[in-house]
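Just below sit the structures, each encoded as structure tokens.
First subunit A sits with subunit B, and in the next complex the same chain sits with subunit C.
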Partner chain A sequence: MSQVMEKVPVTVLTGFLGAGKTTLLNRILSENHGLRIAVIENEFGEIGIDNQIVVNAEEEIFEMNNGCICCTVRGDLIRILGQLMRRKERFDHIVIETTGLADPAPVAQTFFVDDEMKEALRLDGIVTLVDACHLPQHLDADAEALAQVAFADVIVINKTDLVSNEELEALESRLRSINAVARFERAAHADIPIELAIRVGGFDLDRALAIKPTFLMPEWPFEATSVYQLAAGRYELVLLAGPDPTIDVLLEALPAATEAVLDEAEELAIVRFTDDSEGVIPGATLTPRNTPWTLDVQAARNVYLLDVPVAGAYALYSQHGPDEFSLGLIDAAGGRIEPIFVRAYDPDHEHDESVGSVGLEIDEPLDAKLLNQWMGRLLRERGVDIFRSKGVLNIEGQDRRFVYQAVHMLFEGRPGEPWGEQARKSQLVFIGRNLDRQALMEGFLGCLA
Partner chain B sequence: MPGIGVMPGWLNGPTLTEAPDAVQAIAWHPTQARCTVGLVGGEVLDWDLEDLVLRPRRAHEEGLLALIWSPSGDRLATAGQDGVVRVWHHDGHLLATLTQQTAWIHALAWSSDGGWLAVGSGRYLELWDLRATEAVCVARKGPHASTISDITWLPAKAGVAVAAYGGVTIWPSPESGSIGSQLKGLLFASDGEASRHLPFKGSLLKLAVSPDGRFYATGNQDGTVHLWYATSGQDLEMDGYATKVRELAWDPRSRFIATGGSEDVTIWDMRGRGPAGSKPLVLEGHEAFVTALDCQPVGDLLASCGRDGRVCFWRPMRGPDLRGRELQGMLKLGEPAVGVSWRPDGKQLVAAGQDGRLLTVRVNR
Partner chain C sequence: MINLFNFESTGAGDQESRRRVRAWAAVILGARPEDVLTVSELRCGEDACADLETLIVLTPAVGVRRVLKVAKGVSGIEQADLLDALSKATSMENQV
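Presenting the complex of A and B:
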């Protein structure tokens, strides 16, 4: 019998007209990357370029008769890929380009519904190219642009040379509010390394989901972070009476007093800030550590002692803004220490996009049967609105991770890597329209073993 | 030698040969001991079953998708991913190259008199007049809802049936201005319009009209087989298949239709009122999906092959009853099989594998 063959990875390339897909495709076809790649696109007849192959496909979208109203597939791909896979010379990779206005769902779903496709091919991921200049208009006007962003495993922000840094940051932040789990890449002329563009691993969940803790939280647990550069020694932390009788703070060392360092650190701080805190009264001595303190601030003036063991950068995360309590840091000589910078957080970081992401995480093990029932019902009822969902799950009694992913209502799950020494936890992400975090979390908690 | 599973005395001299590429299609010459094998990469092999010699020639620059002998065996038509159809003299020289489109061509069908060739060029049906020296395209019909997956001429050239997404479309025969007399009770065809559309919301992969013309059967992407009664247009559906159904084979006497779409061969009784409400005969002998079926043109045998590399022989009819579920014989190809085809006299069979292995066996029964 013939040996079991490695499945050929498939990358789906989406993006509006002018986003740079053609430039990227030409690079994929012409650069010396040593891979034999088949490209399926909409413009040319079949032409061979060097060792590569380009096949023309008319987007033939079929509804499937499986009682699932959102289940459409690309019939042309089943036909063409089925044929390509029969050739003796094997491809290392297949890239499917969609037309600018295409909904990525039918392409992705094709790899879930057809046995032949499932046997020979593996959907590696969906790459969406966006034009930094024009995407904001598209997002406002076209449901397709939103869908392409929502479906993506990788979002390449192209033409970054045409916009300011601020515009770029604003765009990326907006895209993250739609799709919080995609990997972001930036490019000026679609000039990202080919490997990054086609080796996506978006459907390869053996590793943990790249969920940022900020995204798991319904909102920031702290309103401000004051970053200080401190010498070793004893300080006084002074707070005046404010609107609340207590305030939670977390004091942690940082590698450096920069915005970039804080970007990294605050993700972890979010998790730590929600840990059980230790309640203290004025006069107590605080030290940098990774659990929070609850400070009593009922008196008119409340003074805490702060021991800094080594000189360096420190972040003071505070439940409320420092101004509300006139928070001040005084050194041993009685001088007031000004923070290097203060970062304030919008207490409500929900965005008003109709399409967004919800990430859920719980540590306790789940019951496989309950989970299956809940997920089945959820996707049946809400599958039209849930574009993508992915999860790495901690199932009771299982040594391995259970990895799960779905495109609309079509889902697949299988055992992943063993947990080994790593902390067991379940992470689940939904990307879709009008998602209700509260309801999803309640449903998820209902699956606890 | 092929591995032998169950080899009764009437299977003689099984022989294996290797083709240089994966097999896409096989077509027996209508009268000679000669089978043409189309390879995925665009070559065809002329396989002489007397001396077992394979003679290759290039037919298409890109992949080959379909090939078919004319009913008299004077010409062979091949189609490919290069978007053209080539018509070859039986001695192997090229007679004509048809169509200028770029779309892949998956379906070809000769009219019973060999005068016409129906070509599925992307979403369009093209009807080519090959009666004169110069080939002429007399009609280009479409676009259909998707690329045409299969084409069949109706008996007595009563029309051309085309399968695509959304149903079967029947186009008038190019020779008859009025086909109403031949298709009773149907919409009358005005020029350029389909004479009939048999709707089914799904992607049709394979079309097989019963030899007696009573039924149209299609195998579909969604794991169903759909049937239409030719006269009334009434339809019924058989579901529950494990995968898409591309394997359909009619008994030459139209008593049953054999279907694949799973590890079993499922046989529906088509006599009398048809299969509505009946239980099919299920033939269990493969350990992986069935990939092709062919009924012995003369005789009672049914051959099936599968991804398990097995070539199985069955005899579904036991006297007047459709009850023969026992495996009659079995050969092993040694790699996933992609096609099986009986010689028109029913005395020999070839099977082909996905990596190019070819098996032939004589059948004295």
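Presenting the complex of A and C:
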């Protein structure tokens, strides 16, 4: 029986000067994690630390072909990786540290240009460390900082002890608007578990799209969720006339009336909320269920009956904010029931970054030929601006998913797992500069079979 | 148009062709054991690039990198193509 050598995973560590890369690298080199790791970095000479190896690299950009961005690789890495691959001893992992101003694209592309390289090494992911205190200034001033965030599979927000919770939330929200599919970690002194930092799986095609529906939706379909704790029985849902003649609502049971439970539930609620709704007029009886209602609210006061079969937590997702219609829930004794909490949603995900993420999803099968033409043209014409893209595609006549990843114009794709009993749908994600959601969606829809 | 969505593809490419081209290139370019030879089939599609071309790059442990460029996919490359590419590359290098 032939033995297949397992590919050595490679993690690329990016981040501006002072973000904490060296601190994290020192931990990777010194902690007792049992892995034999080779680190390629910029500052040390070639020295051995315990069982590890550190190799010095001097950034050497190599344009293989006519200065084309997709053919630009890191010459220094080709040389060093070639030497590492020839060594007799095996490594469990390779970590590449880049300089603060490095463009991640040539580093990533280095792993796709040669078959022998691809047979021996596997780009596992790009980890970007950011300094919670100073990144906002870098994002405003440096294209490289934006690119490092956009390329990342994992973003570690470091030095969290130097900023307030509000500043931290604002920074993470801004970073998510740039890169909606990265995994976020927080640390005070680059002290995240080593496994989380180097086992990333960002370029694993089988995991290409662990995407939340919240990101794939162009906008939230509801503006608020009111979470109630209700006893079984009959209630009145009262709405006064508001800015629109109707309002869509979805009432669902929750396992518990907590923020964390709602985090999980709203992903599915988004999908359900966009299903066809049932139109009703005042006096109708509503019950918790998986499809939305469209309530007529043209009268000055509109009363609907709400039957709750089982005591428990319930989420009332509403197309508009409850204040706009003075929405209230009244129990049988005439008392007003206050929600445990109300969550409001930004209706259109507005942000002003030139670099951002666009997620697209359609259920209908795609024509492989049309898709090939569109994607080929898109990556050829817009590949410079599309830093990364990934997708899971439902191709007509195929029992298996097609999964792909691209870095700029370099494209890697193959058939994935069979669909089996799962609902077939195609999901695409683009992260890049000046992306036009409407144009991308129109192009995508043009590929329907 | 390159077929990006090829359900028949294993993603491995024509490995035998690559091994053959790599072996020829190693001899033609005089690669030493410590040098790194990469064979890349490019389909970048930019105006200045051919639809499909192969770049063979010898990166020596020390010294100047050498590049052979053939306007064909790897599977279509013959030894004569590499000799021709070497002749062009040498001619370019002499002009510099």
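Everything below uses one rule, namely that the second predicted complex is superposed on the first by the 437 of 449 C-alpha atoms of A that agree within 3 Å, B and C clash if a C-alpha of one lies under 4 Å from a C-alpha of the other, contacts with A are read in each partner's own complex, and residues count from 1 in each chain.
As a convention for this text, contacts are C-beta pairs under 8 Å (C-beta built on N, C-alpha and C of every residue); 3 or more make two chains touch, one makes a residue touch a chain.
Values in this document were obtained by computation on a predicted structure and should not be read as measured data.
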So, on subunit A, is it clash or fit between subunit B and subunit C? clash
Touching A:64, do we find subunit B (first), subunit C (second), both, or neither? both
First (subunit B), second (subunit C), both or neither touched by A:359: neither
Of the two partners subunit B and subunit C, indicate the one touching more residues belonging to subunit A. C
Look at A:83 in the shared chain and tell me whether it touches subunit B only, subunit C only, both, or neither; answer first, second, both or neither. both
After the superposition on A, what does A:376 contact: first (subunit B), second (subunit C), both or neither? second
Of the partners subunit B and subunit C, which touch A:412 in the superposed model: first, second, both, neither? second
Just subunit B (first), just subunit C (second), both, or neither: which does A:106 touch? neither
Quick check for you: in the superposed arrangement, does A:339 touch first (subunit B), second (subunit C), both or neither? neither
Once the structures are superposed on A, label A:75 by its partner contacts, choosing first (subunit B), second (subunit C), both or neither. both
Set of subunit A residues, in rising order, touched by both subunit B and subunit C: 62, 64-66, 75, 78-79, 83, 86, 114-116
In the complex, subunit C touches subunit A at residues 1-5, 7, 9-13, 15, 18, 22, 33-36, 38-40, 42, 44-46, 48-49, 53, 55, 57, 59, 61, 65, 67, 69
Which residues of subunit B touch subunit A in the complex? 21-22, 24, 40-41, 62-63, 65, 81-83, 102-104, 106, 122-123, 146-147, 149, 165, 201-203, 221-222, 224, 243-244, 289, 309, 334-336, 338, 354-356
Please output the residues of subunit A touching subunit C within their complex, sorted ascending. 62, 64-66, 68, 70-71, 75, 78-79, 81-83, 86, 113-117, 368, 371-373, 375-376, 379-380, 383, 393, 395, 398, 400, 402, 404, 409-415
So in the complex, the part of subunit A that touches subunit B is made up of which residues? 1-2, 45-46, 55-56, 58, 60, 62-66, 73, 75-76, 78-80, 83, 86-88, 114-116
